[in-house]
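Please go over the structures that come below.
Both complexes below contain subunit A, partnered by subunit B and then by subunit C.
And then the complex of A and B:
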């Protein structure tokens, strides 16, 4: 069920009415029912996967919690009789047991993810041909809910959160339907507080939620789905669409990706807010970034946090890496020893991030290129600092805009790996931008033969301008707060205009099949 | 404490670590800095700060970080 379908609108309004009519203590149960119904509509088989993840992670979490309780009781009861060494030995043995439960939960669930998502790819590496049928079995949003559940288990093991006692409440945390399709990847400590709480009808929440949903629809239907046909043509055959076409393709795909992914998350956050539930923000105007490092702090924030907390820090502070750092200090000097943990751990993180996005060499190379650029920038930072200290213009708005455009262009190029079927074709398409002398297409009207009319381009341009203005207004604070501060007639005009624009200008009509969200396949 | 301040000053000479209490909240230290810092602490204090201790409360100020080092030294 697509977020932009009439079925989905009916689904959330039916839920919202029941949610506020039902006794408040049953609200979370209703959410669980609707979440499983949502998943069941997508494919009943998927329910088996999500149920296995829920039960195994919940069980391991409970065992870790029990271990903590036993440890605490034992130490309390034997406070006087145990020596410091005995206490330490006891704590270490308990900690190891908790580590084994964590390992079990992680291995089972990463195992499921690996089998359904990566078997084809791995078999393909060794045999040159995949099995072909595995793709069909990949459950919707499995990368998102698996990571969310594993994050919970690590938090329980670290003692950051208490394990959830109620299996069904935990099932809701894993399957909460608005974020099942494409995230965000929520932390239990953040989401559970509002997910299980009782919510009474609050007009501000409901109206803010609807506004956010409409804004998501605007991005998805007016921009992403309108530009998608052109992108599909432009990336279909590099022997035909090379040079200037490849350039236009990468720019339009970057626009589509932004409108599609942030639009989807707007709908997620909006639906949750309508129900009084607060879901973590996943973006912070990422295309305004002035460096790749900054971009990765502002794009897909929850995924980046997940990798930082649960891969980057554990790997970089592990005994193996710290030992390697000591060895390097001794043999290659302080400078290398100091930097080695960062370089090795970020390599692991970007390899994993690439693989997380999909089972293909394209994503692996995309991840490793991100790593390479980030590390080279890190090495060159002293030079940049010197440059900025020497030249005053580096503090001007003009220079910041230049840095922003440069970063955006870099992101466009990296996104090409998402477009083409292989790494070699991606590099080939990139190189044609410098070798094909077909930049006259910008003046000969060739771009009108890509399934996007002149009117579509005008609507796209207006849509992008609106997004840009909203993003700039957002710098001053929440746009919805600013709208809410206006008198009712003004607010009504804004709401009505947004509704009318989506209705009249959205990329649909009789027989129109709205595209699935891009991040759904990750 | 002086040894820790020296490590921190090497990392960011422009910051006054004796008074700053928002090293993480104010985004003065990023994740790369934290890992470099942990590596330096491991070298100079002979304690290993594992990932579970990387929370803002432990890294927001030099004092908090020093308290963590003392706690870990005591445990080890």
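And then the complex of A and C:
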């Protein structure tokens, strides 16, 4: 069920009514029912996968929790009789047992993810061609809910959250439908605070939620789905669409990706807010970043946090990496000894990030290029500092805009790996930007032959301007708070204008291809 | 209390404003079908008829609404008839339009043109729209929508057509503003008139088909139509208009003949009765044989009207003051349109069959 479909609007409308009519104690059960219904509508078979993830992670979490309890009781009971060494040995044995439960949960679920998502790719590496049919078996949102569930298990193992006793409540955490298909990847400690709480009807929450949903629809229907036909043409055949076309495709795809993904997350957060549930923000005006490092703090925030918390820290503090640190310090000096473990750990993180996005070399190379650029930037940091200290203009707005545009261009180039079918084709498309002398297309009107009319371009431009203005207003604080502070007639005009723009200008219905959200496929 | 009242007032005013604006926009954005493709207006025009007590109802596609002139049926035989047809109207749409008509009156006879039996699924959303959109809301309209929708269509788009036509804002013309709330009539009791002529020069050879059998859905709706007529004591008459193409295959003909014979239904294939009806393909068609012009439609009405009154006892309603008045007005409009079209297509009015007394 596409977020922008009539069915989805009806679905959340029905849920919202029932949610506030139902006894508050049962609200979370209703949410679970609707979440499973949502998944069932997508494909009943998918329910098996999510149920397996739910049960295995919940079971492992319970075992870890029981382990903690046993340890605590045992130590309490034998406080006097045990020596310090015996206590330590006991704790270590319990810790190992917890580690085994964690490993079991992680292996089972990463195993499922690996089989359904990566078998085709791995078989393809060895045999030259994939199995094909495996693509069909990838359940909707599996990367998101698997990571969310594993994150929970690690948190339980670390003792940062208590394991959920109720299997069905945990099932809701894994399957909460607004964030099931494209995130954000929530932490149990954050989401559970409002997910299971009893919610009274609150007009502010409902109206803020609806506003956020409409804003998501604006991005998706006015911008992402309108630009999608042109992007699809531009990336379809690099032998035809090279040089300037590749450049336009790269820029338009970056625009589409932003509008599509942030729009989808706006709908997710809006739906949750209508129900009184707080979902973590996933973006913080990422295209305003002035460096790639900053960009990755502001784009897909929950995924980055996940990799930092659950991959970077464990890897960088692992025995192997600590050994490597020791070895390199001894043989290559303190400087390299300090940096090498970080570089190796971040390499692992970016490799994993790449492969998480998709089973293809494109994503692996994309991840590793991000890593390379970030590491080189890190190395050049002292040089930048010197430069900024020497030249006054580096503090000016003009320079910041330059830095922002430079970063955006870099992101555009990296996004090309998402567009083309192979790494070689991506590099080829990129190189043609410098070798094809076809930049005259900007003046000959050939850009109007891509399935996007002049009017579409004007609408896109206006849409982008609106997004830009909203992002700038956001700097001062929540836009919805600012709207709420206005007199009612002004608020009404803003809401209704947004609604009408979506209704009349949105790229939906017959004549438009309703595009699935890009991040649904990850 | 005051605050509550303010909130209540706000809600009421806001809802009213939204509803009004959306209604207005929907009216503005929906196609008007007053010029160009006027066929989209035919279905809705039926509801404007003050007296719907028709004795004969024609249902079908362009082969009925372009090939039979109800004015001639009235003038010559006093048959009070109406054509409920639209472009490429599929059999399930004809069925639901008939069912819809029965809400207002029960005719003596229903004439169904069997051309659409060749389609087992709706082929085109635009044709669905033209058939269904003009229907008033009823069980029949819901049935027509459900039976007709192609994969890309959505029921809600029929309930709120603004969702379908939302992007027409950049195609709006003066007509859209002028005919927002009311459009002039473009048909004459469902008949679409053309006075110009383009003779048949060659008849295209039909391509061989892999399977000539009519589909299950087509048969299902023909059965339903037959049963509906039986339940209401209506004489169902099957016809095939004398359009020379799309090809009416022998195998099609055989299936219809078998069906008609099985259920004892009259069937007239006018392709085989052109001589008796006096159809002349050099003067009686405006598009080389696909549809009749006014000459062909009047000749066919004249010929078929005699069959209707003599063989099926369709009563002569002339003399009924109310109907006489209505038809006098209809005939006046019909003749005005002839004048308008003769001027537009540069046709000498006196060459039309209607005014050639020597031919009659």
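In this text, the second predicted complex is superposed on the first by the 517 of 522 C-alpha atoms of A that agree within 3 Å, B and C clash if a C-alpha of one lies under 4 Å from a C-alpha of the other, contacts with A are read in each partner's own complex, and residues count from 1 in each chain.
To be clear about the criterion, a contact is a pair of C-beta atoms (placed from the backbone, for glycine too) under 8 Å apart; a residue touches a chain by one contact, two chains touch by 3 or more.
In this text, all values refer to a predicted model and were calculated from it rather than measured experimentally.
Once chain A of one complex is fitted onto chain A of the other, the partner contacts of A:319 are limited to subunit B, with no touch recorded for subunit C. Within the superposed three-chain model, A:378 lies in touch with subunit B and out of touch with subunit C [touch as defined at top].
Of the two partners subunit B and subunit C, more subunit A residues are in touch with B.
After overlaying the two complexes on the shared chain, residue contacts for A:455 are found with subunit C alone; subunit B is out of touch.
Of the two partner chains placed by superposition, only subunit B is touched by A:88; subunit C is not. Legend: residue contacts after superposition of the two complexes on their common chain; A:309 is shown touching subunit B, with no touch to subunit C.
Contacts of A:339 after superposition: subunit B is touched, whereas subunit C is not reached. In the superposed model, A:367 lies in contact with neither subunit B nor subunit C. When both complexes are overlaid on chain A, the residue A:139 reaches neither subunit B nor subunit C.
Annotation: subunit A has no residue touching subunit B in one complex and subunit C in the other. In the complex of the two chains, the subunit C residues touching subunit A come out as 10, 14, 17-18, 21, 25, 125, 152-154, 156-157, 162-164, 166-167, 169-170.
Across the interface of their complex, subunit B is touched by residues 88, 158-160, 308-309, 312-314, 316-317, 319, 322, 325-326, 329, 337-342, 345-346, 378 of subunit A.
The part of subunit B that touches subunit A in the complex is made up of residues 31-32, 34-36, 38-40, 42-43, 48-52, 54, 75. Within the complex, the subunit A residues that touch subunit C are 6, 455, 488, 492, 496, 500, 503-506, 508-511.
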